[in-house]
Amino acid sequence: MLPIDDTPIVRDGNALILAMDHGLEHGPVDFKAVPEKLDPSTVFETATHDAVTCMAVQKGIAEGYYPSYEDDVNLLVKLNGTSNLWMGEPDSSVNCSVEYAAEIGADAVGFTLYGGSNNEVEMAEEFREIHEAAREYDLPVVMWSYPRGQGVKNDTKPSTISYASRLALELGADIAKVKYPGSRDAMAHAVKSAGDMKVVMSGGSKKDDLQFLSSVEAVIDAGANGLAVGRNVWQRQDPSRILDALEKVIYEGETADAALGE
Amino acid sequence: MLPIDDTPIVRDGNALILAMDHGLEHGPVDFKAVPEKLDPSTVFETATHDAVTCMAVQKGIAEGYYPSYEDDVNLLVKLNGTSNLWMGEPDSSVNCSVEYAAEIGADAVGFTLYGGSNNEVEMAEEFREIHEAAREYDLPVVMWSYPRGQGVKNDTKPSTISYASRLALELGADIAKVKYPGSRDAMAHAVKSAGDMKVVMSGGSKKDDLQFLSSVEAVIDAGANGLAVGRNVWQRQDPSRILDALEKVIYEGETADAALGE
Amino acid sequence: MLPIDDTPIVRDGNALILAMDHGLEHGPVDFKAVPEKLDPSTVFETATHDAVTCMAVQKGIAEGYYPSYEDDVNLLVKLNGTSNLWMGEPDSSVNCSVEYAAEIGADAVGFTLYGGSNNEVEMAEEFREIHEAAREYDLPVVMWSYPRGQGVKNDTKPSTISYASRLALELGADIAKVKYPGSRDAMAHAVKSAGDMKVVMSGGSKKDDLQFLSSVEAVIDAGANGLAVGRNVWQRQDPSRILDALEKVIYEGETADAALGE
Amino acid sequence: MLPIDDTPIVRDGNALILAMDHGLEHGPVDFKAVPEKLDPSTVFETATHDAVTCMAVQKGIAEGYYPSYEDDVNLLVKLNGTSNLWMGEPDSSVNCSVEYAAEIGADAVGFTLYGGSNNEVEMAEEFREIHEAAREYDLPVVMWSYPRGQGVKNDTKPSTISYASRLALELGADIAKVKYPGSRDAMAHAVKSAGDMKVVMSGGSKKDDLQFLSSVEAVIDAGANGLAVGRNVWQRQDPSRILDALEKVIYEGETADAALGE
Amino acid sequence: MLPIDDTPIVRDGNALILAMDHGLEHGPVDFKAVPEKLDPSTVFETATHDAVTCMAVQKGIAEGYYPSYEDDVNLLVKLNGTSNLWMGEPDSSVNCSVEYAAEIGADAVGFTLYGGSNNEVEMAEEFREIHEAAREYDLPVVMWSYPRGQGVKNDTKPSTISYASRLALELGADIAKVKYPGSRDAMAHAVKSAGDMKVVMSGGSKKDDLQFLSSVEAVIDAGANGLAVGRNVWQRQDPSRILDALEKVIYEGETADAALGE
């Protein structure tokens, strides 16, 4: 963890990371209801919203589409990831080097660590290399800290999420992305476990507006620093409406109700 | 994915890759009916046809035969591949470095990824290295994107093929070579899943002229960019006749019937 | 083993290493009774006590918090470590390079070796690389020498602890951190097995003051060179009180009773 | 495959490789009847015969004995090889780098590939590195192409041997050493499968003069380029007598009968 | 194998290597009867005897104690070795690089190869790297050639020991250290299998003076070049008495009886 408040991926101390690596991680199924979003341009357009501090994509999407958006969007290159065709213990191939991410304009890099997987040791060592290379390029490092695999029975219970955020701190991440542990208090503990490091919640599968914003409100209220979100934004009819509301909750401290104008 | 319309392996936005790596992948059996084709020169001769945008071979064939054809044929060096004596989970040894491929005159490189294999993670990491090296040499990268192995029950069902083309886009390929998913609509979805990246169909085992050309017609009609073909060309009596027809279907938008002059 | 009496991590020939890598190795459970210690600053404050010759933390804690304490605390970066979510044979990922440890101000480095684990060979080879790199940076190397795994039935029996300290000597460590083998005589043998290399006792889980100090007294009396301690210091209400007592036992040769003023 | 007719290991387009790596591959048993041949000098003496285009040995034999024979013998350093104490799937450790082989005077290098072994992928990748390094040193590469292991039921059936010679061509070898597939016609097919690459037969265990020379005659008649032989030469009473005969069969096109003067 | 008669580790063509890596390989048990020998200085003192051509230790012992003996003792750094807590197939971690061994004053390096172990291939490849690096530093290479593991039923039968010495020759060692195969004739065969390379006998566990010296006499008589010995020297009351006798047997060709003055 280094101070990252002055980097482009943070706004007023918080962050909203718009992620679209679902084509790799989940495959076509996530686009079934919104086939037009198979075109990455559509999500880059959404990412130009002021609420979004950066867009997280894999290397191929970055090199293909970012050149048209580099003035309007900050780029986080997700460095690892694996298809859900994978049947082995949770693992994630390193698909992009830090050097190449920097070359194609990355403002930050992301990395998934599956603590508790039989591949945890190998993944943590890959993280070391990426972390130290990122320091040379002054790129903030976001860890998708997702305990999963043989050693993890329940991947969203409070102690698991607190362990997840702590792992990210101990290993050197600048921001941890963790799942919601079910309550505001559990999230507060996960934030406390992360010391001075920033913690953002993972958006997860699509929910209705109020339910989703309420969880974000709880997360911000618990001291966390925002959200990394995909489906709950770009699977919506009107992504900018939910981004308007998220902007109010994340950066202006409004309640979910107020933000929705209800 | 980078823009590759100006590279030698593309003609009017489309491509016809003539492949002859069957001696490695399948062994002598593919040459049983056409033993004269064991001599790679015969297929290089075929590759001088204007319809062919490049010829795909393994390193050994490239260094041995390409010097005689470098003025008339564009070379794609297939960088990995494995014999069918291999009994393990689908895998492919990296038989040639990008550096060496460039040295022997490659205009493009090719790489097989078996998504869903227990070797997917390792293969994707090999792809990363090859992709980033290819960028340094300005060589387009074609991915043979073939989901196969423990995680894949049906390797040609529509969702698998759409996942295959998406994997290629996300990981940085410039062209994805995928199998035919059984219908024009499924192919159209696979093309859409690939965003702006080009998709070509894999030729597969030998079919009769009309059946084969009709599938190519469907593929072009679905928005794909051509074909990577081996047996359906060089196992034929008269390869130039089918290449004449393919030229009409792929680059001039003719129907299979019209192209065959029927 | 090189002479290290003149390095900052030794005082009058002995050492007291205050460790706080429990967030990684054990997770939130170690902080249950002392949640305020989730903030690493609180333990760095404790480490400013004169009794402490260095503080041992993982890379992330070091880069985040050490800049505020570099004038008052000596830093040992623990280079490997793994979460207790890990279900495999004892292993430890290398989370920090020697180069990066030096860059963020390390005065020494630490490394865990699980002799007897099925990963012993791999870990010993990682130790080789770290040891030789540390020699280039003139950084003392502390080995957490913990026999554990398939080859170890009882990890604190005397012969195991003597083997542990000998392993550290043979492989090149400057200080071995070993568990208490149950008696002063067994500790004396472990010290003798280490030749001229320093040996410190591992603090272990929290005990009452007298019991804890008595074991330290026995260890010093056995010829060992101090203590590497975490929970028995920072899990206490008043860490400086126990550090005052440890200072007397470790550096001034007082008895536990005398040091506690009882 | 590059043109190698002008290199020292070829004579009039053909080659006779005298191999003595049996001490590694088979152990003392091969020397039981000829214990004096445990002294490698005796075989180097034999290799000075004009019929021999190069002698194939492992690194240790090369660095110890070649200095006395470098004016009279061409050296092929066999880069991999394993003892027959090995119980795993067929594999071969890389015992010498191309760089070191060149340094000690190699005129060519050799490498075993066990196609069909569960180690095929790893071995082929080792071959890639060796092949590309050999190109930098202008050293011809001979592949001992021996399908063996889980994927191979019969390692000398015609289709296996044709696959073996084709593998060598596809992967970039300059000469393939294959076993005799049992008939002249099968050998002719294996030669044809190798395109313009040279193919030599593996000598195998000791046979009587006429039987051995007749197989060589058949091999030459089938279009192959000679022989890599060990036991059938140096296990004989009078190696120069069989070499005289081999010279006639391999380079002068004589029959076995004529060559033996029978 | 290179000529090494002019190197410091050979005297009149023969060698006596005093080994003390038992603290790593066997643990404290070997020091039970002689606890004072846990102090490596005591064995270095013994190594100053003129009969000893070099002392073999692991890296940690070398860097800690050799500086006091560099004028009086020649140093062989044993580069690999593993604790006997290890439960896997025979293996040995590489604990020291050749570069570091040279830096701390090594006159030679040593390496264990377990032929027949499931780790044989990996160990042989580690040996390749060490051998070639040692050539750059002009350091003789001694191979502890110990067939062991799944492929070896009897690790001291004559054919196994002859295979062991041959393996060392083929792979490039300058001296092979092998176990005694039970008879003078079997040793003579093992020596013959090694060609011009030197062979020394491994001392093994402690025996009485005459029995031990008689085996050394037989070994020298068989044409071998000496001894690598640990316990049979430093576990004795008076190591210099046995060294006096060994000097006579190894360098002056005396019988065991004569050397003991009996």
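By letter and in written order, the chains are A, B, C, D and E; residue numbering begins at 1 in each of them.
Keep this in mind: a contact is a pair of C-beta atoms (placed from the backbone, for glycine too) under 8 Å apart; a residue touches a chain by one contact, two chains touch by 3 or more.
Just so we're clear, the structure is a prediction, and the values are computed from it rather than from any experiment.
Under the touch definition stated at the top, chain A and chain D share these contacting partners: B. In terms of their C-alpha centroids, the spacing between chain B and chain C amounts to 57 Å.
In terms of their C-alpha centroids, the spacing between chain A and chain B amounts to 35 Å. In chain C, no residue reaches two or more other chains under the touch definition. Contact ring, oriented from chain B toward chain D: the chain order is B, D, E, C, A. Across the complex, chain B meets chain A through its residues 1-2, 115-116, 118, 120-122, 124-125, 127-128, 131-132, 135, 147, 150-152, 159, 162-163, 166-173, 189, 192-193, 195-197. Only residues 21, 23-24, 27-29, 31, 35, 38-41, 58-61, 63-65, 81-83, 85-88, 91-97, 99-100 of chain E touch chain C when the two sit together in their complex.
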